[in-house]
Structure formats: structure tokens, C-alpha cells
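Per-chain residue numbering starts at 1, and chain names A, B, C and D are given in the order in which the chains are listed.
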Amino acid sequence: MSVFSPEEIAAIRGRFPILSRVVNDKPLAYLDSAASSQVPEQVIEAMATFQRTTRANVHRGVHRLSQEATEVHEGLRDRIQRLLGASRREEVIFVRGTTEAINLVAWTFGRQKLNALDVVLAGELEHHANLVPWQIVAAERGARVEKIPALDDGTLDFEAYERLLDSLPVKIVAIQHVSNALGTIHPVERFVQAAKRRGVATLVDGAQSVPHMRLDVQALGCDFLAFSAHKMYGPTGLGFLYGRYELLESMPPWQGGGDMIDKVSFSGTTFHEPPWRFEAGTPHYVAPSGMNAALDFVEEIGMERIAAREHELLEYAQTRLREIEGLRILGSAPHKAGVVSFVLEGVHHYDAGLFLDQMGIAVRTGHHCAQPAMERYGVTGTIRASFAVFNTESEIDRLVAGVIRLQKVFQ
Amino acid sequence: MSVFSPEEIAAIRGRFPILSRVVNDKPLAYLDSAASSQVPEQVIEAMATFQRTTRANVHRGVHRLSQEATEVHEGLRDRIQRLLGASRREEVIFVRGTTEAINLVAWTFGRQKLNALDVVLAGELEHHANLVPWQIVAAERGARVEKIPALDDGTLDFEAYERLLDSLPVKIVAIQHVSNALGTIHPVERFVQAAKRRGVATLVDGAQSVPHMRLDVQALGCDFLAFSAHKMYGPTGLGFLYGRYELLESMPPWQGGGDMIDKVSFSGTTFHEPPWRFEAGTPHYVAPSGMNAALDFVEEIGMERIAAREHELLEYAQTRLREIEGLRILGSAPHKAGVVSFVLEGVHHYDAGLFLDQMGIAVRTGHHCAQPAMERYGVTGTIRASFAVFNTESEIDRLVAGVIRLQKVFQ
Amino acid sequence: MITPDTIAERETEIVEEFAMFDEWLDKYEHIIELGKGLAVLAPELHADEWKVKGCQSQVWLHPVREGDALVFQADSDAAITKGLVALMVRVLSGQPARAIAQAPLAFLDRIGLHEHLSPTRSNGLASMVKQMKLYAGAIAAQEASHG
Amino acid sequence: MITPDTIAERETEIVEEFAMFDEWLDKYEHIIELGKGLAVLAPELHADEWKVKGCQSQVWLHPVREGDALVFQADSDAAITKGLVALMVRVLSGQPARAIAQAPLAFLDRIGLHEHLSPTRSNGLASMVKQMKLYAGAIAAQEASHG
């Protein structure tokens, strides 16, 4: 029995205006939610309404609009605190997205913590966002980034990880919760706990997990966690960094500007407390109204049911795709999110992407900003379908038919 | 004769849905555009429509939505190039806002350029966004930030500036074009040229100028220029950095992540060319649709007429406010943008702000993120009214009446 | 004026007092008056040490312990903030630390001024109340562990 | 097949050839066929030196100067890109440098494939054409200064 009845799915689909889009005379099959979500109408409307009634710069204004806008903004901080189970609201920092969140940690905590010859451990499947910032900062400090090797099934080698922790001067572990390239759900608690036991700090890249599962940063025990609103049915240009308050407090500022200061003068400037110390300049203050609506949507449907439905779609897709000869699915981890990545014998992923697009099917092709992962599995790129709560089995059937058809053309 | 007929003004006002808002039973008089613009309906609609029809992550996608979204995104880059008269599109970098733009330059170019004992010159009236990033980076490099002193009328002391240029090891001049605190339009070309003659790099903070006047970076001769979309009838969370290509090319990356790389591996990563090198992660890709609509709006009305109208409002406001006893206007520069900042004898700016808010009048009060400027003029804050093309003389009359009324209460 | 004894009684008194005002202007004028009546804070207590952070208006708070009670002296540079500070002092000063720590302070809501206590306000008031409660909480905890 | 002489003539020929296809699938199949017909690029020319940057598919381009003309050899790892590369080579290879530098290449638009040349595509094609024109432009400038 399916998680949702056909009527429920139709109702959910009806809430996403873009799903009535037609591409090349075919209805759009959007199988690219891991790159960026589509948004329900209520998210679009919330931001439009905010701009029609409440738009004003936040934090310093005494007038009504500014007060109202600030309340929405700071109210979202409370809500993200609850979503993540953070122990205080000041542990939530507003950023542009996962990438900026990780850069913030690398440029402040990372630079503070890393000395010559120190090591940052990052998974072999990391998105570039959780690798390159560490490389840049490590290079500057004379430190280095080493990989936690991946196994053939798309999981990380936990034994090798513990050996690395024990044999190298590791200061920080940067690890994804869910792989955007393969879909692997890593047992990230184990990795965090192993680091914690050794006094090593941890950052979890939650870009692909927070939108798809319940998560509690205190239970997880990580020091930092990052995710993006645009992958969670929410607005673009908004993301969140969770950081343990004790660490945030000891971190120097990064970007300077309005709002993050206490007193400014040419003879010396002092800084505000976290989270404001890390929020310089006018934020994307229209976004919180949209993020609230996105969280409402998720709560209305229910995170558990969303996850269950995505899993159902994954299982269906994997079963159907496995029937195709010359198709190889990358990643067979025991736990996977709604992401399936595959390669076709003799067909370049770019050609496949172009063909599927002609059939109205939107998949992502290429290296998925995870070149080391591609290298690990000996491919230059893959074809990736990723699912959201609004996808259907018949869209997957179209994908399967499309793949079979294009194989004929290219072989 | 006024720049616009009453009918034209009514028509313009009709395009801004927020102007029909009622605050405390009075129609909203929004006199806080220098903090953040209001947006015409077409901007709101453009972003909503984009999300209903085209939303998808940009740059790497092969599918239709991603292609269309990328075209809007990169098309805006071309348009900003034309707006600023930049010599190539690659000189335009997308950021969150002016603050991030300046931080980007400070953290890359600044750190590269500044050595021990070197000097950054910044105006005494700078917004914290154009001061604090330099202080942070200078401190790290053993360099320092010195001020270009302001004169009593709210202009900068050009002679003192030249003396500083000649007597100190100045590497970078960071200067605002228009003061958000006082409204002064600085003769920024002169300051830029004086630095240029001495081989000193220049960054112009255009946050308050680009939205209000025509400007050509090549004529100006500056190396960098920053501004924010949200102050230009546009979306929040979007801003632009112009940088001379030659300099951009020689600058190291700052934030790492997707899109800014060439090849990534654990053994070494190489970076993309500018502007992409400086654009890590998923951008706020919904914003360009809104920014296009905002630029359409400005073009429809005409930048010259907007500037002329704002000047008209400034003149009217200054004349009316000068009639009030116990009111002192700060800043009497020969050229001023649509910003008037004042203090009231015996009345705290915060009290004034609260009172005016009760009367439906939205002004900004406080230090306007320019504490050194406040210190220079011996105040802890001011009351600031700032104008946009939709404001009216009668709103200014309400401000004047409000001020007179509140003076009675407090004196 | 004989001050009523408990926090709740004092709050009720204030709510009744404000019931007279229909107009925001009258209400604000009254608040300003209350501020003027606030006991003068000695110049040396205007030091940074006693300053409560607020971006727009400044607040100074000086708590003195008297047995298990806390007496507050306070000031602000803005008139309306000062009036609100006066209200807070009137309600909380001289009360037992435990009562202060636990006071819900709903009266601001009932007189339609709740917004001024919002942490999103930059007037320093919310921070002041937070500090009053922090002091009180610390003392109450001390009392408890001794008793 | 006798190759027509000018770039414009070659373009016209291609436009007529593609006029037969109503269906995108037929068109794409034809492009793939054209790619298969592309002269094999020697393994040593697949070096990084000859690689044109493209995020999704790779393109290699090897220009050889023959008098005032330029002869191109090229390849791609993706079949559709390779077909488009073949079209570009067919139109431009062997033409005078000046003509290459100035060619508007409108035929892609006329056969409904303009989007593939968009710089927002990550297939390397736009970069390849840019490089072809850069080479040609440099040679044409040289010619001009000599003659």
C-alpha cells in the first residue's frame, strides 16, 4: 500500500504550479529536486504578500514595517532552532546556503583551529562545498585535507576513518549526511561520535538530509550543521548554519558590516554576540516569510510521510531501472535517500540528459559537484534522478521508457 | 514646475502595493527608502512567475528549466554590465549585497595587497560595511585603516585626503559615493583619480548612488564598485560587485564550493575564471527575474527623472524642516541625494521614531550604521527621512507636522 | 502613594491606571511623565559597567541586594524608554528575588505596550528585564542552596 | 560530396539538409551520424593542450594553418556534441581566416539548434567556436599587418 492515495498525490501536485509546465509538448517530469526543490504556491504567495504588505529592512528600524519584518525574521530563527533541536536560538545563523555556511565555519573556526600539519578529514563523496573551503583554508594554514575513503557500495569506510582519526593530527571532520551524488544516507552519528570521543570537532553537511528527515543536532552531537532553504521547498538565497554556542562565542567575525558590530570607530571596533556577529549586512529578509510557508507545507504533509513516499519512489525507480540492460546504478548502500544515480554503457551522460530533456524529463547529468566521488567510481559523470513528495511512478516509467529509447539511438 | 504631474505620481504610487498599507489607522508614509526600497508589483510578479514556470538550479543543468533559468541569470549579468558601462560581462559578480561585495574584495584583493604597516583610507562617513571589513583584514595583515576626515558640511576634506595619499603607504582607498547618513553626494571621480594617479586601488561603495543616478565605471576609473538590489526597487539577497577584470583575474578565490572550480580532487583543486571563481554555491537564482523587472521599472520612468524628482522632494523637505525651531539638519553639502538627516533639540531620536511611527510615518532613527559619522557631528543618532520616486510633498508635510507635534510633547 | 505589596498587585494598579487612556498620545505622555518621576541615577552609575546594550536608546541598570530582595535603580537616555524603565522599576524593585525571577510581567501586554519588550526592539528594554531576572535568579538560587 | 566553397554556401547546404527532419529525434539521429563521420582525431591530440573547457562534455580542437586558411580537426566525448562539432568543422575548416573570424554562423539558429551554442550550455561548443574565431582573428590580423 502506498503512502498516499492517488487523490492525495494529485492534491499535492496541484499545489506546485510549475508541475503544469509543458516542455517540448510533454508535461514536465521534474526529477531534479536534489539540485533544487520546486515550491508550492503558498511559498510563492507568502513572499509576494510579504512584499506587498511588510517589506522593510530588519533589525534597526523603529517603524512598524521594520518591526513586523524583524519579527518574521527572528521568528524563523526560533522555528529553525526547534526544527533542529538546538539548545538556543542564538545557535542558528542565517546565511545564503550550505556553501556559505561551510565557508563561514572554515574561515573562522577552521582558521582558528588549524595549525601547520593539522588535518581536516572529509568524506570521499563530499560535495565540493564541503571540500574546497577546507582545502583553501587548510592550504593557508599549512594544514591538509585527507579523505575518508568510500567503499564500493557508496558508504564510507568506518574502520579506515577510525584509523585516520587515531593516526593523524585531525582537528576537524567535515562529513555529509546524505550524498547528493549517490543518495547514500551515512550513519553520521557514528562518525560524529567517533570524532567526539577523540575531541575532534565535526561539521555535518545536511543539505540533502534536513529536507528529507527528522534530525536532532543534540542527539547527533555535531558541532556544526549546514543546510539550504532552496532544497526544502523554500526560497533561494537562504540557508542556515547551526553552531554550538560555546564555539560560536569563541569564533572571530568573518564578514564585517552593519548589524554584526557593537561599537565602530577608526580607533577600534568591537563585535556583537553570536549569531549577529556572523550576519553582516542586510539579510535576504523577504525569504523568511517563504521559509515559514515551506515549513508549514512540510508539517502539513508530515516529514515522516514525505520520507516514506520518497523511499517508495526510490525503490520503484531502482527496481525498474535495474531491468534495463547496460544500465548500472551507482551506490547500493543499505540506506538511501530519494536519489538514484546511474550510467549507461556506451552513452555519454550529457547525450542522455539532452535526450531526456526533449522528452520533458528533467534529470541532472554530470559530476554533481562531487568530482572525487566520480573518480572513485571511475566515471566522468552520471545521470541522476532525484525525487520529491510530488513525483509519481508514472514519471519514473517515462524515465525508464526514455532511457530505453535513447539507448537504441546511441548504440 | 514639478517633474511629474499629480496624475503621474498617482500612477507611480499605484504600482507599489505596499503604499496602500495603513499603520495605526493612518496611511503609511514610507520615508525609509535608503534603508530598503519598496518594490513595484511587477517585481513581485516577475519573481512569482519565475517560480511558477522556470525555477531550477542554474549553470550545470541540461534540462529546459535549468537552461532558461541560467539564461535569465546570465542575461542579468549582461544588463548590469551595460548599466555600469563595464568593459566585459565577466567584470560583474553576483553577491548578496553591498556588504558581501566589499568583504569579498577585502578578503581577496585586500589580503593580497596589504602588508605590514600599509594603509587603507576610508572616509569618515563610511557605512560600517565599507569600514569594518577593511579593519578586520588590515588587523590580520598588520596594516591599518585611516580616515579621510569629513568637513562640517558633510563633505570630505580633499586636501587632507591628498596629503594622506602622499604621506602614508596607502594601498587601497575605500570610499562611498553617497552618504546614507547625511545624503552627501561626494565628487567621487576626483577622489578616485587622485588615488589612480598615485597607483592606489579604489573601491567605491555605490549602495546609495547606483539606484539614484547614472554612473559609468570606466569614466569613474574605479577598480571596484558595489551595490545592492534591495535599494533599487529590486529583490533582497542580491547585489553586485564590479571589478576590473585584470584585478579579478589575479585575485585568489574566497568562498569555495560548487561552480567556482575547474577540477577538484583530494590531491589538488584548480579554480574557474572570474566571475565564477567568486560565485560559490547555488546563487539566489530567483532574484534576477525580479531585478530585471526593477531595471525595467527604472528605465520606464527614466533614471534622470527619478533623480530629479528625488531632488525636488529633498529641496522641499529641507525648506520645510528648516522652518522648525530646535531642528538641526546635518549635512549641507552642495550636492545631496534624497536623504535628509536631522536632530531635535531635547528629543531623543528613538522617541521621535516611536512617535512618528504612531502617526504612520516610517523614518529611520539611530546611527545608520555610520557611528564614526555620528561621532564626527557630536550626536548619538539622527532622524532620517529618505525619498523614492513615489513619495509626495504631502507626506513631507505630515512629517513636518509630526515633528512639531512631538516636540510639544517632549519639551 | 502607598505601593502595593506583590508584583501582581503593582501590575494591576498599573493596568487600572492605563485604562484611562484611549489615545496612544495620552498613553505615551503618561509614560514620559512616569520617566520624569524616576529617581535620579547618580552620575557614577552611568558608567559602562551598568549599561545595558541597546542599539537605539541606552539603558543603565543598578541592582542592589537588600536581604532576599532586590532594589533597582535605572535610567535611559530616551524619554519613552525611561518611562518604561520606570514602570519596570515600580513593579519589580524591592520585591523578593524569587518573585522577580518568576514574574511573567503580563501587564505590558495588557496595557498594549508589549511590543516594546520584544527582543527585536533595539531600545534595551528587553535586555534590561533579562538582566533584572538574571540577577534575581542568581540570588534566588543562592538563597535556596543556603536555606 | 563536393564541398561548396564559401561558409555561407556550406551553411545553406546544411540548412537544406536539416529541412528534411520534422522530428527532433530524426534531427538528433542525423547529428549523431555526422559525428560518427568526423575524421578521427589522433590520440596525441586528445591532450589537455587541445582541450576546450566544458563542464559536461569535453571538446578537443586542433587548428592547423595552411596559408591564409585554417584547417580544423576536432572531437568530443559526447555524441551529440561531436555531431555539432562536425557541423562546425564542416562549415569552417579550410576557409580563409578572415572569413572564419567574421562568420555569423546563423545556420544553427535556422536548423533550430541555436540553444546548443549558448554560453550557458556546459557542452564546450560555445567555447570551441570562440577559440576557432580567436585563432582565425589572430591570423587575419597578422595577414592584414603584413599585406
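We take it that contacts are C-beta pairs under 8 Å (C-beta built on N, C-alpha and C of every residue); 3 or more make two chains touch, one makes a residue touch a chain.
Nothing here was measured: the structure is a model prediction, and the numbers come from that model.
Visitor: Need the CA-centroid distance for the pair chain A / chain B, whole Å please.
Guide: The answer is 31 Å.
Visitor: Indicate the whole-number Å distance between the mean C-alpha point of chain A and the mean C-alpha point of chain D.
Guide: Distance between chain centres, rounded to whole Å: 39 Å.
Visitor: List the centre-to-centre spacing of chain C and chain D in whole Å, with centres computed as mean CA coordinates.
Guide: The separation of the two C-alpha centroids amounts to 78 Å.
Visitor: Which parts of chain B, given as residue numbers and ranges, touch two or more other chains?
Guide: Answer for chain B, listing residues that touch two or more other chains: 24, 60, 62, 350, 353-354, 365-366.
Visitor: Among the residues of chain C, pick out those that touch two or more other chains and give their numbers.
Guide: In chain C, 55-56, 122 touch at least two other chains.
Visitor: Once you draw an edge for every pair of touching chains, what topology comes out, line, ring, star, complete or other?
Guide: other
Visitor: Could you list each pair of chains that touch, in label order?
Guide: By the stated definition, chains touch in these pairs: A-B, A-C, A-D, B-C, B-D.
Visitor: Under the definition above, what is the set of chain B residues touching chain D in their complex?
Guide: Those in contact with chain D are residues 59-60, 62, 67, 70-71, 74, 262.
Visitor: Within their complex, state which residues of chain B touch chain C.
Guide: Checking each residue of chain B against chain C gives 24, 347-351, 353-355, 358, 365-367, 380-381, 409-410.
Visitor: Within the complex, which stretch of chain D touches chain A?
Guide: 24-25, 28-29, 32, 55-57, 77-81, 122-123
Visitor: Give every residue of chain D touching chain B within the complex, in rising order.
Guide: Chain D residues touching chain B: 53, 55-56, 115, 118-122.
Visitor: Chain A touches which residues of chain B in the complex?
Guide: 17-18, 21, 23-24, 28, 30, 32, 35-36, 38-39, 41, 43-45, 47-48, 51-57, 60-66, 96-100, 102-103, 106-107, 122, 124, 127-129, 131-136, 145-147, 228, 230, 235-238, 253-261, 263-266, 269, 280-287, 350, 353-354, 356-357, 361-366, 369, 371-372, 375
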